[in-house]
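In what comes next, chain A is part of two complexes: it sits with chain B in the first one and with chain C in the second one.
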Partner chain A sequence: MTSYWIGRILQAIPLWIGASILVFVVLQLAPGDPATILADPSFLTDQQLVDLRESIGLNDPLPVQYVKMMSGIFTGELRSFRTQESTMSMILDAMPTTFSVAFVGMVVAVLVGLPLGVAAGRRPGSFIDRVLSAGIVTVISLPAFVLAILLIRLFAVELSLLPASGIRPNGATGYNPIEMMPHLVLPAVVTSFPLIPILARYTRDAVQDTLAEDFVRTAYAKGLAERAVLMRHVVRNALVPVVSVVGILTPLLLGGTVIVEWIFELPGIGRITVQAALQRDYPVVMSTVLFSAVLVIAANLIVDFLYGVVDPRIRLR
Partner chain B sequence: MLRGRLILGIVATALFLGACGGDDATSTTVPAADTPEPTSKVGGTVVMSLNHPQSLNPILNPVSTTIFTVPLFFNGLTRPGDDMEPLPDLAERWEISNNGLTYTFFLRDDVTWHDGEPFTADDVRFSWEATCHPDNRTGAQICGFFNRVKGAPEYKAGTATEITGITILDDHTVQVEMTEVYAPFLTISAGQMILPEHVWRDVPVSEMSAHPASRGTGTIGTGPFVVQSWTANESIVMEANLDYYEGRPNLDGLTLRATGNAPAQTAARVSQLKVGEVQAMGLYASLPQDNVAEIQSDPNNQVRSVVGLANQYVEFNLRNPMFQDVRIRQAISYATNRQELWDGLWGGNVTFVNGPIHPAHAWAINPATPLFDNDVAKALELFAEVGWTLGSDGILQKDGEKFSIPFQGCCGIATYGPVLQQQWKRAGIDVQLESLDFGSFWGPIYLARNHVIAGLNLPYGLYTDPEYPMGGYFTPGLNRSGWDSIRGKELIRQATATLDRGERQKLYFELQIIMANDVPNLWLGIPDEHWAYANDLVIPEKKTGYLTIRTAKDWYYQNR
Partner chain C sequence: MAHDIAKIQGRTSASEVETADAPRLVLSTRRRWNLRLIVGLAIIILATGSALAAPWISPYTAEEQVLSSRLQGPTASHLLGTDNFGRDILSRVIWGGRVSLAVGLLAMSIAVSVGVLVGTTSGYFGRVVDAVLMRITELVLVFPAFFLLILAVATFGRTLTVLILMLGLTSWAVSARIIRGEVLKVKQRDYILAAQSIGATNTRIIARHILPNIASVIIVSATIRVGVLILVEAGLSFLGLGIQQPQPSWGNMIADSVPFISQIWWFTLFPGLAIFITVLGFNLMGEGLRDLLDPRQGKGRAV
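Entry: the complex of A and B
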């Protein structure tokens, strides 16, 4: 079993390196000159531009630049073109914010999406099922930034129930959950919003399929109550495909936090990434994207592990 | 609104010039006496939405976000007055030799750094040398302001160990020898922020950017506020400097809340203001024109409009044969209806100057500068003179070629570009609008001179002397439009080489006429910057947002 997991981790390494090459190539293909962000470009002379490019290593051959960046990532010495901060420390500083939003967002999505899916799957064609289908169309049609602005307008401006932005109150430092909680509500709702219908839909289909299985019919034949059949037999079996969806949703979750951090002005990794991409701060983009790649790979490994938890047959195989 | 403000400024400046005369003999400036603020104004904290800088170290990144922020906790030897004239700051007075080549600055002896160390002449020398240090690549632009200081170019090139033109006469007196007269020395060069030598002397210049003191931890200045912390993408937290040499700021604290200018962020920022999470917004994070009415009707907030910093303009690439005939440029100017832009796009909240000089330097603006504007018939006439005539499709044609050009830009072109596209179409010009992001436009297109027509907006209102935008046209390596004028170069040279403001005014006036007739650019206008802030917050009225934030020390709450 241990060798299986070591093999899975080793398989992830070339995947991650491939991602790093892809990101590096995309950054090189994107038009733009990082030197223009380091000084006022309107009064940047041609010679100063050349000097700036030299100072941040942009005149090196591309393979050299790539190797320097990658070794910098491993040693923690890679620095932002723009601020000269270590990209590692930038990520570590921003990580608690992103993780908080992503975690709470995922919890909300699971808490809402799963029961909805079970309810809809239990009675296909019922009112809840039809509402769910209509809801999916609505949610897919509603961009996250629109929802965010609507929620800010309603809950912060009109009702004064929640803060409009930030991860903690003005002047507060650190990550005190009690201080952060009101600030996390709206970002978490927006983050969970696109996840809920996907989770619900997958759960609905899985529940519906499981309900048609022989062992469910047997359970009913034994005289078990519907609630017991659902909880003991249907939901647990239906969770297997749903768990894999949670893994697939990780990139969507991370992508969602980018928008959420941007609008709610949260100092997270997504915001750093967008800023860095706009400013052609290649080291920061490389670092944050590869960090996200690690998270996605790790999420999929965790999902593989969870298969075994929810379905012992998979573990035995 | 538009015209009155400009004319008033010019008249006031003319009176000022008349009073001052043009004396290049030894001069001494004495600061005005400071009036202590009543204690009732003291207290409270303002959270202001503002785009964060790249660094809190003023000698490293000469970008506008840094220039907005650092005067809150640093000072220069001089600072800009209401008309951008140099006022005493860390230097309480100065003397200039008769030939204009030697400046003697008499520094205040009552200034201490935020850590209690005294401010001395060594700090001045250290700051200017660190600015020009060969390893300070990003600060090379700032060093340009010291190019005429004796020994600075050699120090910058690494062939000298010090700037020989800077002499410390005693702890509070610095003498600067110049190799030639440089008119903006007091306004630009001496206004650069001074760093504490005792904090930075052991830090290699190449390591300054990553040093914690550049990032809000141990950031020591002399300014009215003391930096407590900087959380990237969140906030720069400052507290009042109770020992500030001019007396403590009215506010107990000032926090700069990071924001951006994407539409969604703007909407969120307006909400933050309405719910009281922020109490002020301005500069690049000012209130959008579309939200002005909303905040004006808000019971808790107010709006004040000041002249914006950014002149919106179109630049022709004169290396392109299509634009080398001045009549083509004049024709496109005639095809432009600026009033339509001002009224339709900017709601009449705009100031217009036909040239790069910002209204903050009203003394240097020639009100008699000609303008070719809004006359399509005249435009077609000029095009015809050059051989371009309207084809059956309504597009100008010449020898089978259509007058079809890309119009590229970022940061503003998305708003005025479509309007110009329509206006120019009426004169037979087919424009392909390309609204790009900053990175895609500035490096590969504009700095590489690959543009045909570019839409630009430069914050000329930030620069404390008109030499900065005017001189750029003739500085090697800066002339992106390719415009050239022998007389223009000479006028710039002369205007930089005299300390007589009246003389400089005459030279700039003539230069503006030349530029206006040659039309290397189409100046469109400077949209107002709408500051929005809490009703009970008092922010003294200043001409620009830059001057407004520089006086944050004087902001106060009433009835709190």
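Entry: the complex of A and C
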């Protein structure tokens, strides 16, 4: 069992190395002098440019440059060209915000999407099912940022019920869940919005497939009430494919937090990525993009682990 | 109770019909033009038509500023009102549609071309080719597409060409995976074996026997992808990383409207509706096409 998990974690390492090579290659493909991409030349004197070329080792062979750049992320030597702050500490500062938004958003998506999917899947072709499939097409066509703006207009401007920006009240520090709660309501709704239809659709299909299984017929045949069959046999088994969807949704979830953090002015990883991209602060963009890949790889590992929890057969293999 | 069992038996026999070898009868009754397809097609024709006819139907140019009439509500001379520079919102929505549709359609062509190339090569040849191509595909999929796009735009600049290229090159991986899966299924068929046994070349088998049989899957996923790409372009432009001012795009119009959110709602609403209706059109058409071309697949997965 332990060796299985060590194996799985080791398998993820080549993926991360591949991802970091991809980011490095993109930088190499960029037009012009890499030094002018790593730092805006209008902010540098000629002497600084020469120093910069030397310090980032542009005269070194490519593999050496690659190793230097990647180790620079971990040692904190890779710094923002605007603030001189190390990209690693920027990421560590922003992480709790992004995690809070992503986590609460995912929880909301599961709490709404799962019951909807079960309701539709148990009676394919029923009224609920048809309403759901019409709702799915509608919701996936709606841009999340338009929803966010309209929600701000309604709940923050019009009704003054919820804050429109920030992760905590003015003057507060740290990550106190009770203080953060009202600030997370609108971001969580917007984050969960595009995920709900996908979760609902997969749950619906999974429930429909499970209902056709022999063990469900057996459960009905031995006289179990429909509710018991549904809860004990159908939903539990339908969870297996649904858990894998949660893994597939992680990239979408992280992409969604970028826009949410931007609109609600939350100091998370998405927001610093966009700010850095607008200012062409390349080391920051590079670090956060790589970090987003690390999060996806980690999420897939967690999903594999959850797989074992919801379906013990997988653990035995 | 008896009712339940009858229901279960009904379900079982229905699923047997689907797995059996003679589903033709069922298919012929379901394979038809449907409401979603018609509505979707109508929206797309309307959107493309107004985008193509922009120079003739838009009442003003997209960039004409009349500072004395800023932030006006809908009037007879400005049907959808004016923005913060006194530009006509209706004209900007029409011209913005050109950009959004061009980006969506061109980026989709790139994504689907690469996806078909990688997917068929990988699925048909298998072994080492498959292993290598699928590892590369996984590598692209490991990045949240939005982050990869931001990296690309920050590296290569924010021109229209870069945007189209990068949207295409970051979204082929999903298509490649779907197409590979379909190729693997078709490859098992007897007619492929027959073609191989009479000495047909690999290129010929792929072009004449495999691609026509997976065409419906490609067309459906391509249609839905246009909608997804329009949404992504709008998102990037909204963040200021896509289409740059003064060229209008639905995304950057909404970004313009944010500071005025408490004053005028139509400034946000109209470009927002334009995005929503257009993307809805492509999604409806994709689902409608799926029912028309390949009803066995059931109501489908958009992602």
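Criterion: the second predicted complex is superposed on the first by the 278 of 317 C-alpha atoms of A that agree within 3 Å, B and C clash if a C-alpha of one lies under 4 Å from a C-alpha of the other, contacts with A are read in each partner's own complex, and residues count from 1 in each chain.
Just so we're on the same page, a contact is a pair of C-beta atoms (placed from the backbone, for glycine too) under 8 Å apart; a residue touches a chain by one contact, two chains touch by 3 or more.
Small disclaimer: the values here were computed from a predicted structure and weren't measured.
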With the two structures laid over each other on chain A, which partner does A:G255 touch: chain B (first), chain C (second), both, or neither? second
Just chain B (first), just chain C (second), both, or neither: which does A:F145 touch? both
Once the structures are superposed on A, label A:E265 by its partner contacts, choosing first (chain B), second (chain C), both or neither. first
Of the two partner chains, chain B (first) and chain C (second), which one does A:D51 touch, if any: first, second, both, or neither? first
Check whether A:R82 is in contact with chain B, with chain C, with both or with neither, and answer first, second, both or neither. first
For A:M90 in the superposed arrangement: first (chain B), second (chain C), both or neither? first
Thinking of the overlay built on chain A, is A:V131 touched by chain B (first), by chain C (second), by both, or by neither? neither
What is the contact status of A:A293 with respect to chain B (first) and chain C (second): first, second, both, or neither? second
Between chain B and chain C, whom does A:L211 touch in the aligned arrangement: first, second, both, or neither? second
On chain A, the residue positions that both chain B and chain C contact, one per complex: 30-31, 37, 145, 149, 152-153, 157, 259, 262-263, 278, 280
Given the complex with chain C, which residues does chain A contribute to the contact? 15, 18-19, 22-23, 26-27, 29-31, 37, 133, 136-138, 140-146, 149-150, 152-153, 157, 197-198, 201-202, 205, 211-212, 216-217, 220-221, 223, 226, 248, 250-252, 254-255, 258-259, 262-263, 273-274, 276-278, 280, 282, 285-286, 288-289, 292-293, 296-297
Once bound in the complex, which stretches of chain B touch chain A? 45, 47, 54-55, 61-64, 137-141, 144, 209-210, 215, 229, 231-235, 237, 255, 257-260, 262, 264-265, 267-268, 271-272, 274-275, 277, 436-440, 442-447, 456, 458, 468, 472, 475-478
Going by the contact rule set out above, which residues of chain C touch chain A in the complex? 1, 4-5, 8, 11-12, 15, 36, 135, 138-148, 150-156, 227, 231, 234-235, 238-241, 254, 257-258, 261-262, 265, 268-269, 272, 275-276, 279-280, 283-284, 287, 298-299, 301-303
Which residues of chain A touch chain B in the complex? 30-49, 51-52, 54-55, 79, 82-86, 90, 93-94, 145, 148-149, 152-153, 156-157, 160, 163-167, 170-171, 173, 259, 262-268, 271-272, 275, 278-280
